[in-house]
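Labels for the chains are A, B, C and D, by order of writing; each one numbers its residues from 1.
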Amino acid sequence: MRVIRMLGYLGLIIYGLFILGPLYVMIVTSLKNINDVFSIPPKLLPFVDFQPTMEAFEFVANTRVLYAFLTSLGVATAATAIAVIPSLLAAYGFSRYKKAAMNDERSFFILLTLRMTPPFAVVLPIFLYWNLFKLYDTYFALVWTYSVFSVPLAVWLLKGFMDGIPLSIEEAAKLDGYTFMERLRKFIIPVLGPGIAATIALVWLFLWNEFLFALKLGGSNVITYTSYLPQLRVGQRIMWNVLGAIGVLGAIPPLIIFLIFRKQIIRVYLGR
Amino acid sequence: MPKIRLVNINKKYEGLHLLKNVNLEIPNNTLFVILGPPRSGKTALGRILAGLELPDSGSIFFDDEDVTYKGPNQRNVSLVFQDFALYPHLTAYDNIASSLLKSRLTKEEIRKRVKEFAEYLKIDHRLTHYPSELSGGEKQRVAIARALVRGAQIIILDEPFVRLDYKVREDMRAQLYRLHRDLGVTVIILSSDHMDAMAFPDNIAFMLEGEIIQVGNLDAMYEQPTNLSIAKYLGLVEMNVFPAKSILDLKGTEIPRSLSMLDGTMLIGFRPEHVTLHYENTLKPDKIILAGKVKITEIVGSETIVHLDAGLLEPVKVLISMIVRKTPGEAVRVAVDVKDIYVFDAKGKFVGRGGDLIGGDIAR
Amino acid sequence: MSRKNIFPIFLQLPINIIIFSLVAYVLGWLIYSVFYTTPPGGQTTFIGLNNFITVLSDARLFNAVLRTAYYAGLGTALEVLLGMIIALGIVNLVSSNIRRFIILIIFLIPMGLSEAIVSHLWLMLLTPQGYLNSILRYMGLQPVGWLTESMALNSLILADVWQWTSLPLLLMYAARVSIPQDLYDMAKIERLSAFTTFRVVTWPYIKNALIVATLLRFIFMYNTIDKIVLITFGGPGLATETIGYYIWMQSFSYRNISYSATLSLLTLLSTAVLAYVFWKSLKR
Amino acid sequence: MVEILLDNVTKIFKSGKKTTTAVKNLTLRVPDKTFLGLLGPSGCGKTTTLRIMAGLEKPTSGRVYFDGVDVTAMDASKRNVAMIFQFPALYPTLSVYDNIAIALRTKLSPGEIRKEVLGVAEFIGISDYLKTNVSKLDVNLRQKVAIAKVMVRDPSVFILDEPLTVVEPKVRNELRSKLKEIQLKLGKSMIYVSHDQTEVLTLADKVAVMNNGEILQYDTPENLYNKPRDTFVAWFIGYPSMNFIECEPIRKGDRMYLSTASGSMYDVSHIPDVEKLLEGHKKLVLGIRPEHIFVAREGVKAKCVKVERFGSMKIFHLEVDGTTIKAKMQSINLTVGDTVQIDFHRDKIILFDAESGKSLF
């Protein structure tokens, strides 16, 4: 029995290295000067193999990359804000009125297919749609597209959390004389609190990481940190250290969100 | 306090006929128990009375006002849920006060009123705690306080004791009785526990598969049950029921003449507490004497239940109101007075008691 | 329609307005473009089922379908199996909640990253003079052509396994943790062998999560082309061109609007079918 | 067949900073072939004690012996125990038959297994469900399957953790007699945990009443009923629970009386050397069970305020000296509002010290 346990631990450690290795490499690259990036033997230990510099991060701070990060932040936040309230109402409908028209399982399934739509199949028509309205390369176009695509995910998550609240609590509030809006504001949202926060975080994260739409709907004016990356590969000299820096900065929000909402994230996938 | 009248209430849910033409009258200011096995439609009836659901058909009158389509607040009715349904994010105080925040009372008036009810229900020392920190009994009391504080005239409790410890139930039943007596509030208990019927014996409606099959006080249901399921449901120990034929054909038993002319297909039932140990010298004309061997004995507090194997389908259960030591296998003779027995037809409909049999009302 | 059943419809109106503001046009345009085409400067003409005929005769599309099946199939299989093994490993080997939580956070990080970041991260590793080859050379081994024609697709699968094994892992972990402890106590008391315990206690609960993870991953690998767009551009040659990338090229490089719309519509239909299968498994 | 001994066992649960002591240096000896009841309110540590016995929980300190052998560290699988959980623990994808038979796979041949399972299923009354999958059954049938699973094994001890709590009241009586039959038939020791005393008192030969992690009294049902060690055990055993009347000892001539706050006097001179017994206790509590109260020609004035009646069994709530006591009297017809003279069966009176709550014997 002990041997199996040892092998098990070894397996976990190997998998841990498999995950952490590339992340470590990214962080190391972001601290390198452009010439130190690739060399034989590989320079992997800061202070030992190379002098870490903040060169890449300074580049990010002083060029449009910073602007790209702020755009990502703004667009993701705006789209999440637009999507959350309507999704909350819809999730309430799907959770409480399973038999009513537009709230039954079939409509929920249709919403699910929206969440599964492949971006590559719809990016062209959306591109043409915004051109139609002369809104190509504008914030509104990207934010609205993002909110449309975040609604299915938001509703799916919120419905999961809302199913966790016993119906009797709501009916008790009904008996206490509270109207629907008051019940939502005073009882469902506070009790659902962590669930809503986790949903907002996860939907925001989904948009923070989006690439294809940002690439095609944005242009010179609207550019997110993900759609900026290809521009660092123009010509022969790929700015690897800046790519590393952007990768590190882009990875901070997911880490924070996973730390804060670990319980809710596990609970969301529990139901499925 | 309004007199409640339910007229021809029907309710279907997903093909299940939950309530079949329910008619019930609940006099004002009573403590009313709606008793019945689980899934007999009690909760559905409670929810319709509270206004949480609308009946498919039929109407509800409070005194002579039709409140069928009025919401819970216009009816001044409150429901205490089986899982108490306390707001997890609010303290006990806020839970109780939640229904008053909607009224015009000032903050001070609310505080006084909540304090008053909390003290009455002996929960005032736990007001700052959250529901998760309260015990079952305490949660129940907060839920009741919340229902009463807004002046509801009718309070419905759905299986109020199911989640409580055995000993806490006894205390909570006393609380409910005191509450009804002091506040003059109509209390309706939906319960599947016959002990609740025993604790509140005056007004009981028995529900079975969505129908009210008997209304009255416990003694009436105990003495004259309308069908076999009520007879079996009421009683500390379930009633012994055997096909008449199996008793009549039993060898080694004395069958009084009055019983022998009974129709064979009928069922004879007799309660364990009506069975007495029989000793040779006390011959009585109208007694069924059964002989058998003791299977097991159970001692309950100061009473003993003896399971007797008397050659019938199932063991005969005997309840003796003192502690009696009977070893398994011991031969015992027991007697049942004919006037105590219950007679049901093959389908379980109550036909009459032993007394009617002797009087010749139940013919072959 | 009493007040009762209208009200829920009002609940659904807001999201439907948002969604149909875009989806209506998209679907309309897709269907329209399948049957009508406007060559640059030319006249819009009805082309009937030409597109569907092209689809059936398009060899490049057929190869792309095969590649997608291989890419999504192998990738999903690896991710789900590895995810299950690691999830069960964590639960059985690590008992303290704090250590479990730390391990889980580390293992879930890749899932939180953007496809774009992961693509460039793996580009750093896979590119000929990249880290992987420099480590291999440092250890005196032969460097590997990670992005050459024969290896490119497998390298992409490796990158995807690195990033997305965490989803099946999370699903399996959540399912395993939800199993009531009483069942394991009963199995221990009845002296069931480790294998029987797995068969009658663990498997029934995680089987569902396994199916859901498999479908979820397969659909998303089928739908996602970010890695291909950023690491291999469908190359070298057509070595890593999946259906998605092929449509991407048709839409934005070759500008065959009508044909790309046809392919897009067919993909949407197949995704809907996959989603239906996913939904059915979810409800069971 | 095994004699179980828990020697000074303590169990402390740590969750984050908060530590709770579920069991406090508990010593308990369960002779072989006894039916032991563990009785107490929720959260009194009875389930933890059970799990320590079964080996599912390791004690923080103290030892566990099976027939004198120290099994504290021995895993549950090696202790040859059989257990029923509060919520039926059945393998979800298996049929009833397989659920029962699974534990026997390694021990008996298929033929023998079949005979055993059919016999047990017949006894419990689930023969016609053998083929159905357990997840399709309602909770009553599922618990019957759990009981069958336990019966078919040949363990050294049966351990039951509140098996009847989730079952419908009607089925509860049926299963209670079945469990009693099982214990008699198989002659094995059985440990039965519950907060419902009717179950425990009818089934158990010996009962341990627990509260806050400690055993207050460990005795036969009769002794618990007649000689409770303190007011908690006296209150906890018996339905309806014992009445308690606060009073003070007063000597009048050569008779010894107990007088209540409102002045009614109870003569207790009949208790042997009552003088010695009572000195040193300023305040006392007189405990009398509802079934030991009767209507007498002259006694203490009592006004009836409520009647609970159940066929022949009647419980009268009587107001005496300002406190309400319950009396269970058989053939008495009192209605609310009547006043009557009541008296207590002298030999059934139990005296407790007011502060410590301990009974004076």
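Miscellaneous remarks
Simple rule for what comes next: a residue touches a chain if its C-beta (ideal position, glycine included) is under 8 Å from a C-beta of that chain, and two chains touch if they have at least 3 such contacts.
In this text, all values refer to a predicted model and were calculated from it rather than measured experimentally.
Think of each touching pair as a link: the shortest run of links from subunit B to subunit C has 2 of them.
Which two chains touch most often is answered by the contact tally, and the pair is A-C.
For the pair subunit A and subunit B, the distance between mean C-alpha positions equals 56 Å. Inter-chain spacing, taken between the CA centroids of subunit A and subunit C, is 16 Å. Note: centroid distance subunit B to subunit D, computed from Cα atoms, is 24 Å. Shown here, the protein chains touch around one cycle, each chain meeting exactly two partners. By the contact rule set out at the top, the touching chain pairs are A-B, A-C, B-D, C-D. Interface residues of subunit A, counted against subunit B in their complex, comprise 166, 168-169, 171-178, 187, 190-191, 193. The residues of subunit C lying in touch with subunit A in their complex are 5, 7-9, 11-12, 14-19, 21-23, 25-26, 29-30, 82, 85-86, 89-90, 92-94, 101, 103-110, 112-117, 120-125, 129-131, 134-135, 137-138, 162, 170-171, 173-175, 177-178, 209, 212, 219, 222-226, 229-230, 244-245, 247-248, 251-252, 257, 260-261, 263-265, 267-268, 271-272, 274-276, 278-279, 282-283.
For subunit A in complex with subunit C, the touching residues are 5, 8-9, 11-12, 15-16, 18-20, 22-23, 25-26, 29, 37-42, 82-83, 85-87, 89-90, 92-93, 96-97, 100-103, 105, 107, 109, 111-114, 116-126, 128-129, 144-145, 147-148, 151, 155, 180, 205, 208-212, 215-216, 226-227, 229-230, 240, 243-244, 246-247, 250-251, 254-255, 257-259, 262, 265-267, 269-270, 272. Contact residues of subunit B toward subunit D in the complex are 37-38, 135-136, 165-168, 170, 177, 192-194, 198-201, 218-219, 222, 232-238, 271, 273, 295-296, 298-302, 305, 307, 321, 323, 328. Taken in their complex, subunit D has these residues touching subunit B: 41-42, 168-170, 173-174, 176-177, 180-181, 184, 195-198, 201-203, 221-222, 225, 235-241, 289, 291, 306-313, 330.
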